[in-house]
Amino acid sequence: MPNILEVDEIYTDIGQFHILEGVSFQVPEGSVTVLLGRNGAGKTTTLRSIMGLWKPHRGRINYQGADLVGKPAYQIAQLGIGYVPEYRAIFRHLTVAENLRIAERKRGQLAERQRFIFDLFPDLERLYNWPGGQLSGGQQQMLAIARALVAENKLLLIDEPSEGLAPVLIEQMMQAIRQLSSHSTVLLVEQNFRVASQLADFYTIIEDGKSVHHGEIKQLLKEPDLIRRYLGAA
Amino acid sequence: MSLQTATVLRSNTFRSSLLFSAAFIALLVLVNFALFNPGQVSVVVLSGLYQGMLFFLVSAGFSIVFGLLDVLNLAQGSFFMLGAYIGFAVYGSFPEGTPVWARFMAAIMAATLGGGLLGALTESALIRPLYARPVFQIVLTFGLGIVFTELVRAIYGPAGLIPIQPPAALDTTFPILGARFETYRVFIIVVGAVLMAAILLLLQRTRIGIIIRAGVQDSEMVQALGINIRRIFTLVFALGCAVAALGGITAAPYLGAFPSMGDQFLLSAVIVVVLGGMSSFEGTVIASILVGLTRATAEQISLQYLQTPVLASLSILLIMIVVLLVRPSGLFGREN
Amino acid sequence: MQTPGALYEQPNRASHKGFLPGILLAALLAPPLIAAIRGQAPPDVSGFEHFTRSLAEVACADGLNLVGSLYIAETILLGMLTAVAFAFPPGKHPVFTALRNQGALLSALLLLIAMPFVIAWGTDSSICERGKSFFWQSVFIEAFILAALAISYNLIFGFIGVISFGHAAFFGAGAYGVGLLIHHLEWPLGSAVLGALLVSVAMGVFVSVIALRIRGLYFAIFTLVFAEIFFVLAQNRIMVNITGAEDGFTFAVPDWINATKNRITFYYLGLAYLVGAFLLVRQIVNSPTGRVMHAIRDNEDRAIMLGYNTFTYKMLAIVLAGTLACGAGILRGLLNKGASPSVLSISFTMDPLLMTLIGGAGTFIGPVIGAFLLHLVEQALRDTVIPIAGIEINIGERWFLILGVIFIVIVIAFPTGIAGTLQSWWNKWTARRNARAPSR
């Protein structure tokens, strides 16, 4: 399997704080890869650095032969990368329809993909003309993911999809991510180890801004010591 | 159910803001009827609408630009003034004998385009380098306003220009309930109302409008969806300046053109935007009418009883202080 | 490791701290003491007035008399010593260190003290003579007032990062306050000054309590409107019996502070106020309170997270800045023996903002440099006409245009102003020199 994304020794500062100090990993095409680590280890910063929302001052990010470092966020998105930020960052004052429409990169794209999206998230069809701010937490999360599916993205960066959701909704969310991972490569950040281990093929552990461990998730499940050491829970 | 309550809550705040504004306007009209005869009342209402529209034209750019870019463009008033001067220059450049309406239309179009172009230039050359230093952006627009005003003063002199001739149909007065009112001021009201509707439609119905409304909330996320927000910033800034310039040339046949004409409206426009709730365009629309009516009423009261227009400017200053005390985020403002 | 060339900031070094100020005090006091001993005032006055009259009498005797020549000599001496201290930086003797840290500032102060004599010398007149001597003295007095105003503006704009467009309200409150109290209520000078200052404190508290509740631009807008209210009220015809509307009003001041009769006293009063304001702001900013202010300017959220009540600190700065601005306004009112709506106009907000920016926001000396530069250049060039590309430009007439352009250039290219830019050049230069010098 060729790698769709190769992150090579990136360093990112936010203000005077050094957040990332050497993160490297690969995302094989078609896989689900998860970034693991404690709170504040630098997982979200890694996703934002890939997306160009924060600029790494060292290192390379190779995406299908193009270096993403230094490119503005909108160009990175146009290369076919979809971003689902944490805390369900949808546009609260826009309707569901408008939230989806804004993600179109070509005229008519939404009409083409609508069926696929509604099959994944049937709720959104019913709530099509509701303001995003009036949706429940789970529905907002679905909308955030759906928004990244409107344009045909080859790589999806999804940050903490299960955060703050009820167990029933988490199941539904996992179902959806599993389905869409048959169409695109997924790079996931997930605190909930159970969710992560069921969704992902590969993992990278980030600790204090450095990537410290990689491998297949099947392998990781057999090493409770490692899990306890880096993630605090088994 | 929490979803239901949220729905009710949001629409309630919006509705209560609307209700409050409507009650305020009703109160103003009542005060008018108590103090003046019907003819005077109609003149006060019309001149209130007229003033409100001028405030709106200067402040329309304010609220959208502020919401999206977090920039308070204090040079907005000077774009109003520049619009008038550009329009006058174009109007005067036609040979004698050209029909007045053609010269008039050309002046309006040139002023709007010129204001937009200057705005785009300002944003990309001067504002853009300063997004990392927001305080300096306000300071810069403040300085820019001075430069524009002084530049015009240097070129055209401090005295101002004689108003241009609007088309004959607009250059007259009509009777209303025993009083008379200038047709041209009604024309300004119409222009303002058309622009209000056009901008509302743009914001609600077009893709650009969706992007702008999304950007007001989270411009970073808009970028991450593959949209070059910088280009939208420039466009919106230029649009705000174009509307102000259009306001300037529209008002100029009535007011004339003079270097400080923008400053007069700048303060009122700022008050309108604060009253309306900074980044809410609907708030700006309603607040501009509210401020216009208040000012016209106060003007009439002080002319009739005090023989000086002192209350006119004081009334809106006081209203702003009172509203800020009661509702710190303005009538339609959203608490973050 | 010694950090060289702290041009403006005073490093916290305990030893020999009082060395230069001590010398300065002696240098300041010696000439007038000698003069006062030699002068003869009328016998019926005593105390302070005796001192000032004797001094004035001696000082007015001729253009460059004993006092003046002593001051000029002292200025030159201290200036040379400071230059030597800068030219030989490796010298670690405490005297050199003190000179490097304070010498330039103190030389400038001595120069300003000697200035009336220098002017008298240059224009070949007495310091008490009307005409050129008086004209340039008043130019400097206005510069002192503007500099104090800019210092007060810098306290909120430069050190705590709050932008106000209503500083004119405080300045105007000083001029109008002292004038109205003297003119209408016939208060004595001292009480009137105190009364005006109290009014400005109340205004500062009012503005803070209302407008600081919401962060960011609201404060700027609120202050803009707040100042406008005073401006509208002061010049309205309805107030004609109180404020004199557009024309303003005049009032009488005691002889000793009457700038028409005794301008030299006013000159030193203005200078003293400027020095006082400078030292006060520097003291505050260098104190623990000042460090919290810095933290608020750099990142208010973090300051709140660290547990500081940022509102209190901001209010403190606003009230203090307002009071200092009011003091400058009082001086302005006393200088003109009157007040007119112009002291409340937007130009007295713009001037300190511009002066602070040009000189260097967030530096101590910046606002003073900015104020002197702008005011003196304006006065010197007001009748100059320069031809550019076939157009004759009258500097005095186009002053605001020129200011506006400078303003924009500074905001974009030199956000730290003259003082900040010089400071960073100096730091770079000394760093390079230290790197070159063999380490010992």
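Some points to look at:
Lettered A, B and C in written order, each chain numbered from 1.
As a working rule, contacts are C-beta pairs under 8 Å (C-beta built on N, C-alpha and C of every residue); 3 or more make two chains touch, one makes a residue touch a chain.
Keep in mind that what you see is a predicted model, and the values were worked out from it rather than measured.
With chains as nodes and touching pairs as edges, the resulting graph is an open line. A comparison of C-alpha centroids places B closest to the centre of the full protein. Distance between chain centres (mean CA atoms), chain A to chain B: 43 Å. Chain B and chain C have Cα centroids lying 39 Å from one another. With each centre defined as the average position of its C-alpha atoms, the distance from chain A to chain C rounds to 56 Å.
The residues of chain B never reach two or more other chains; the list is empty. In chain C, there is no position where the chain touches two or more neighbouring chains simultaneously.
In chain A, there is no position where the chain touches two or more neighbouring chains simultaneously.
Put simply, chain A touches chain B in their complex at residues 51, 53, 72-74, 77-78, 83, 85, 89, 91-94, 98-99, 101-105, 131, 133-136, 147, 151. Taken in their complex, chain C has these residues touching chain B: 161, 163, 165, 210-211, 213-214, 217-218, 220-222, 224-226, 228-229, 232-233, 236-238, 350, 353, 357, 397-398, 400-401, 403-405, 407-408, 411-412, 415.
Contact residues on chain B toward chain A in their complex (touch as defined above): 2-3, 6-7, 10, 207, 210-211, 213-214, 216-218, 220-229. Residues of chain B touching chain C in their complex: 66, 72, 126, 129-130, 133, 135-136, 138-140, 142-144, 146-147, 150-151, 153-154, 267, 270-271, 274, 278, 306, 308, 310, 313-314, 317-318, 320-321, 324-325, 328-329.
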